[in-house]
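There are two complexes below, and they share chain A, which is joined by chain B in the first and by chain C in the second.
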Partner chain A sequence: MQNVGKSVTRVDAYDKITGRAKYTDDLCDNRSALVLRIVRSTIAHGYVKSIDASEAEKVPGFVKIFTCFDVPEIDFATAGHPYSPDPSHQDTADRRILNRHVRYYGDDIAVIVAENEIAAAQAARKVKVEYEELPFVLDAQEAMKPDAPVIHCELFQSNVLKHTDVRIGNYAEAIKEPGLICVDKWYDTQTVQHCHIENFICYAYEEAGKVVVVSSTQIPHIVRRITGQALGEPWGNIRIIKPYIGGGFGNKQDALYEPLTAWVCRKMGGRLVKIDVSREETFVNNRVRHAIRYHIISWVKPDGTFVARKLECFSDQGGYASHGHSIVAKGLGAFAKMFPCPNVEADAYTVYTNKPVGGAMRGYGMPQASFAFDCATEDIATALGIDSLELRRRTLMPKGFKDGFFKTEQYYDSYNQCLDRATAYIDYEKKHKEYAHQTGDIRKGVGVGTFWYNTGVWPISLECSSCRMVLNQDGTIQVQVGETEIGQGADTAYSQMAADVVGLKDYRDVHIVSNQDTDITPFGLGAYASRQTYMVGFSVTQTGKLLKKKILDYAHEMTRMPVDILDVVDSNIVRKGDGRVLVSLAQLATTAFYDTVHCDHLTAESTYQIKSNAYSFGCCAAEVEVDIPLCRVQVKKIINVHDCGNLINPALAEAQVHGGQSMGIGYALSERLIFDPKTGRVLNNNLLDYKLSTAMDHPHLEAQFVENPEPTNPFGTKSLGEPPACTVAQAIRNAVLNATGVAVNDLPLHPQNLYKRFCEEGLIKDPWQKEE
Partner chain B sequence: MYDMKELYEAFSVEEAVKLRVEHPEAQVIAGGSDVLVQMREGKRAGKELISIYLVDELRGIRIDEEENIRIGSLTSFSHITKDPIIQKYINVLGEAVDQVGGPQIRNIGTIGGNTCNGVTSADSSSTLHAWEAVVELTGPEGVRRLPIKDFYIKAGTVDIREGEIQTAILIPKASYENTYGYYWKYAMRNAMDIATTGCSVNVRLSPDKKTIERARIAYGVAAPVPVRAPHAEAVANGAPVSEETVGKFALAVLEDINPRDSWRAGKAFRQHISVEMARRCLRASILRAGGAF
Partner chain C sequence: MKDQYRLVEFNLNGKDVSCMVDCRASLTDMLRNDYRLTSVKKGCEVGECGACNVLIDGECFNSCIYLAVWARGKKIRTLESLLGPNGELSDIQQAFVDETAVQCGFCTPGFVMTAVEILESGKVYTDDELRKLLSGHLCRCTGYENILRAVKKTMYKRNGLEWKEDN
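Right after this comes the complex of A and B.
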């Protein structure tokens, strides 16, 4: 392959570096746009009784207010899943464009339309709201208690949105085996937010009777459907345009405020209206990563062999269903695959609480789950006094493991290959022993963590990708797919693949159409589930072959040679037998465009429906330094090793891993949303008080790959988008355990948490505290 | 877009004072890294602003006629850090302000703004307290000087009277001569953060480096305004350079500080790190002063 597998420069690099690339706000005609500002509830649970906007209306620049009493009586679901014609597989429709029944502090209850941002902000501050307050609940397990307030009493009898289970063998019988050791632990993960650079923004206007919404979204075709549903309009009435976006990480795999903006546009007679969500709102009123609590009981033999295991997962959904149970269910399904065990009893609950809404976020439940699963392995090894790395090697999904549901298997010895590379890089085995019994204030430790991930969503949901290719006069091609560039470099990977399939010399001979427009772009599902490179691999291959066939048919007319002996190589039509160049693709294309006898615009378009899945594997190894008196952890060395199949663009793959490691370090050490127990309000919804990690908190980020070709994919590739974020926290937690002997089972390992644990374990003794 | 009513610009101290008298309700803005953020949050929305950012005479650092180190109030953090006078006599101040926010903030943020805010977490303030800085204010009646501890009245309130602007911060020779210090910013990450607690210590050792002649310590975020720890200082003053002195000094700070319990950090945790920081800062200061353990 000529282009695939090389670290070529991103197709959008120069436009993005020079500031030429256009994002949503750059495209909006801000001189004529009316600005929206949402009025938010100041209670966590209850009903809006009345809204008084008389003072707001006096603000110069105020135009209009719409409230929860004005919106269509249509409940809709926001999750960016492919639509399912089967109602039992559809997402829970539990919200309206504005909500009278308030489910969390900051819920959308009214919207101000104003001439500018300042007027909108001033007016929003002057709206007076009267509530009927109800008790609220901020913890998933608390919300499951019989006396908890039922948050969606319109749809459910309790707060459990969904409960599913996995049963393998017979847990109750298996634990009776004599001589087993029981390790019983709880692990808790926190609420975090995506913190993509560009906050959510969209604007809407009418054109030819339709509503056009230009939006910072990962999933334009899906958002079209959801917006149509929310407005009660035929889906074709809605047109979604997706320009370049400043990141999404799953937050924008949801309909955020597109339905509201489209609806207000309609109500304003089609006027251009824009919503530009602030960072403070992004933290509270978009989506967050689910906080999930795990209870793992492992019955093991003294050598570490797993005999029976019980798992309970409690996922904090927040106020609305969004992606709902899918997130915790992914980890539930992974439990007995990642660490196979003959007897398993596993249950997962997704529970409404009066908190910001949990949605998709990079890793989709696996950063939480693999943290708990991998820590459990570490803790079993510690309890038994055996080597945890060795225990992982023995208990992780082995080569040859077959998954009947996803119809895939562990084709290689990926875990061991990845662990070999990672542990060699940090000299794990030597250091793990050396660091085990340190004394003193500053101690070092090493740890490893592992993950499992799949690629896309088949067979749970639809997987398809559509591609259009258009030949230009000069022999270059346009390529369009519904799979979106969201900063990860997807457009570059598509260009490399398309160039090789068609036989173009250079990936820059592919003019990738970066923006998706649902009126123009072929149907595709968008950026999520680490699916795009894998899925587009199929549709680009199929469509490229169709185009190539048309090119060769035309070449046959021009050269008299039979199609079977021709090929397109380096943008030339070549006779395969002797390699002779018969005509250049550029000459052929120009002829095809303008020939007075046979003019033909050579194009191809097709949809490929994917009915396969692929497992991705990998691990992280980290070395930390713990300053015990200061309760601080510094990551000194970190490496991720991934088996994501063949790399399409090694430099971009490496960058993908760096981003995930950074996200993982923040998840491990500092990031969390803090809720006021008295009101349910988020206290730290800004980038100062929410401790996103910075470049100064990172060591060199090392990324390595084990390139085992994925047999189901034409390019031998599989998921890498999300996996790097799934494996860091457990490696750091295990490294801190190695350094200090203290197991911290709730994330993040921030100083206040470490202070508590170090005091509990006697590493810190403050003499003055005893006197109190 | 900022919700400001009017913006008045001064080009000299005289003009700034005149504008202050004419518009007593207006908020003074220097670099804007605090004022504009607060305005966006709605706290100072709709206010008039007097910008002194273009008053160039307030920039720069020199040794004045009385041998004070004179820091013009508009001097940016990055200029303070790189200034040769600061590096020679009070390097710790340059180190402290080099931990403010990130590079952009340090280029726009000024030491005058940092102190006039009256916030306890300001990275310059604990060091200025520990070095007994003097604040110079210029108003319609002329120039007024007062010790920095008197300048801070309560959280968010400083002693700036009608018509006045802060024009300089002075470090007297008696304070900086033969004195070495160390600042520890405890924050939850290594950049772009405000101090959970800040601790600044400085010492002057005896000529034989065996005795602590003078130790001074001040904290940010250990009380509503930056505070000295006189009990701890009393323990160290005149005491021998030793681990024992360091330990006693550190524990004694608990007599002086009163950190709050908040969702940002608990009181017990703040007390714990305050003691540890005192220990490490005194040790580091002694080593810088040429002492040994």
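Right after this comes the complex of A and C.
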């Protein structure tokens, strides 16, 4: 391979480093655009009885208001899943473009159309709303109680959106074995948000009778379908264009406000309308990571052998279904794979609450699940007084493990290979013993954490990728796929792969069309499930071979040589036997374009339907310093080691890991959305009060790889996008345990939480606590 | 309504310019809407994320919380000013490219402008100092690792210091 496997420069680096790359707002004609501003509910649950806009209408620049009483009576689902023709596999259609039944504080109940942002904001503030208030509930387990208010009473009898289970062996019988030790723990994860730096934004206008929506989305083809469904229009009436986007991390793997904007555009006679969601709204009114609570009961032998395990997961869905149960179900399914056990009883519940909506976020339920599963292993080792690293090595999915459902296996000894590298880097084994019995205010600790992830969504949902290649006069090619560049570097990886498949000298001879346009781009599903490089690997290979065959057929005409002895090497047509260059690809292409006897525009297009999946593995090791009186944790050293198969671009892969580690450090130590228990309102929906990590909160981020080629993929690659975020929190939590002897089972480990735990464990004395 | 607009004369990327602006407009609004400078990004519009950073008389500011009318008489520099006449990247831009410090690209221009301020100080900072100087910018893609490296390498180069991999 000439291009694949090299750390070449990103194809979009120049445009981005010069500020020229066009994002959604850069493309919008802001002088003529009408601006939308959503009027939001100031109650967490109830019904809108009436809306009085008489004062709003007086604001200079006010144009129009549409309310929940005006929207189409069509319920739709927003999750960015591939469509399923089977109704039982479709997402829950539980919301309208604007909602009369308010399900969380801030719900969309009306929209102002105005001439500018200021008028829109002023008018929105002047709208008077009368509600019929209902009781609300802010906790998944509370919402499961019989007396809880039913949030989607139109569709369900209770708040449980879905319950699924896994049963292996016989848990009830197995726990009767004499001599077993029971470790019974709860683990809790918090609500966090994606915090991509570009907030969601889209604008819509009519052209040729269709609604064109330019949107900051990861999934243009899927959003086209959802927008068509929400408007009750044929899907071909909708055209979605996706420019460069300033990060997504799963939040933009959902139809956010494209349906609303498209609908308002229609209502305004096709005029250009734009919605630019504020940072404050992004936190509350887009999607968030599900807060999931886990209960794990493990019955183990004194040597640590897992005999029987019970798992309960309670996933806080918030007010609307979005990605719903698929998030917690991923962890549920992973439980007995990551740590195989002969007897398992596992249940997961996804429960509506009156909170912001849980959707896809980098890791799709696995940061939560891996945190709980890995902490449980650490806690079992602690309970038994055995070495936790050794217990992991013995209990994690072994080489040769087969998964009948995903039809994949653990082909290598990946976990041990990754653990070897990570623990060596931080000198784990020596330090873990050394740090075990410290005293004093400042203590150090080391910890490891592991994760499991897969690649794409087959066989749960459709997996396909379509690719188009077009040969230019100069022997370069255009490549288009539906799998979107969202910052991760996908376009560069595709260019490297395409160059090698076709036989081009340089990846820069591939002109990747970065932007997707559903009227032009071949059908593809977009950026999610860490699927892009794996899936495009298939479609680029298949389409590249089709194009190459056409090139060689034309070369045969030009050179008289049989196709079988020809190849394309370094952008030349080469005779394989003696390596002689017969004609350059550029000469061939120009001839093919303009030959008066046989003109042919050489292009290829094909869809590859992927019917395989691939497991991705890895771990994190961290060294922390805990200031006990300050209740503060600092990460001093951190390494992630990933087996994501062969690397297409090592430098980009490393950069991908850094971002995941950073998100993981925030998840572990500082990030959380805070809800007012009295109102259900989010209290810290801004980047000042929501504590995202800054450069000061990180040590050097070390990323390493174990490159075991994935046998199912033409490039031997598999998922890396999400995995780095799935393994950090447990490593840090276990390191704090090593440093202090205190197991903290709920995230984040921020000072308030540590203060509570350190008081409980007697490390510090609560000055406000009354003497007994 | 007439009083709402003011004439602002200032120097933008080396050129004297003047513009009638809404006195409520931020410098971000003016640079984006009136001068089409797409490097000035909006990430929060309340001075939290740093995506809109520009240099005002050599000092970095969040242009989203700096009123456009305050630009009067000032020298404003945006990322666009760094490019050479034939589109050559400046050393700091090239370092961002070489060190894979660019991902989604949305925080990038702001970071580069703070880096310019750091580099133009002529000082050599420690890692901890650099982290602090860069901490006014939020990035969700890079973990800041390669950004820090790009700034540090350029700082070493400009100050004639030898770069070693374990620096």
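The rule is short, and it goes like this: the second predicted complex is superposed on the first by the 765 of 772 C-alpha atoms of A that agree within 3 Å, B and C clash if a C-alpha of one lies under 4 Å from a C-alpha of the other, contacts with A are read in each partner's own complex, and residues count from 1 in each chain.
Please note the rule applied: a contact is a pair of C-beta atoms (placed from the backbone, for glycine too) under 8 Å apart; a residue touches a chain by one contact, two chains touch by 3 or more.
Fair warning: this is a prediction, and the values are worked out from it, not measured in the lab.
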Seminar exercise, completed: Across chain A, the partner (chain B or chain C) reaching more residues is C
For this session: Considering only touches as defined above, state whether A:Arg279 meets chain B (first), chain C (second), both or neither.
Result: second
For this session: Using the touch definition from the top, say if A:Arg580 reaches chain B (first), chain C (second), both or neither.
Result: neither
Exercise. Which partner does A:Thr694 reach: the first (chain B), the second (chain C), both, or neither?
Worked result: both
Problem set entry | First (chain B), second (chain C), both or neither touched by A:Cys631 | first
For this session: Would you sort A:Ser7 into first (chain B), second (chain C), both or neither based on which partner it touches?
Result: second
Exercise. Which partner does A:Ile118 contact after superposing on A: first (chain B), second (chain C), both, neither?
Worked result: both
For this session: Determine, under the contact definition given at the top, whether A:Lys128 touches first (chain B), second (chain C), both, or neither.
Result: neither
For this session: Report for A:His598: first if it touches chain B alone, second if chain C alone, otherwise both or neither.
Result: neither
Exercise. Do chain B and chain C land on any of the same chain A residues, and which?
Worked result: 118, 687-688, 692-696
For this session: Sort out for me which residues of chain A touch chain C in the complex.
Result: 7, 9-10, 12-23, 25-26, 30-31, 118, 194-199, 244-247, 249, 276, 278-279, 486-489, 651-652, 654-655, 658-663, 686-688, 692-696, 698, 700-701
Seminar exercise, completed: The residues of chain B that touch chain A in their complex are 1-3, 42, 45-46, 102, 186, 188-194, 196, 251, 254, 263-266, 268-269, 271-273, 275-276
Seminar exercise, completed: Counting only contacts in the complex, chain C reaches chain A at residues 24, 32-33, 37-46, 48-49, 51, 78-80, 83, 87, 89, 93, 96-98, 100-109, 112, 128, 130-132, 134-148
Problem set entry | chain B-touching residues of chain A, taken from the complex the two chains share | 116-118, 121-122, 125, 629-631, 670, 674, 676, 683-684, 687-689, 691-697, 750-752, 755, 764, 766-769
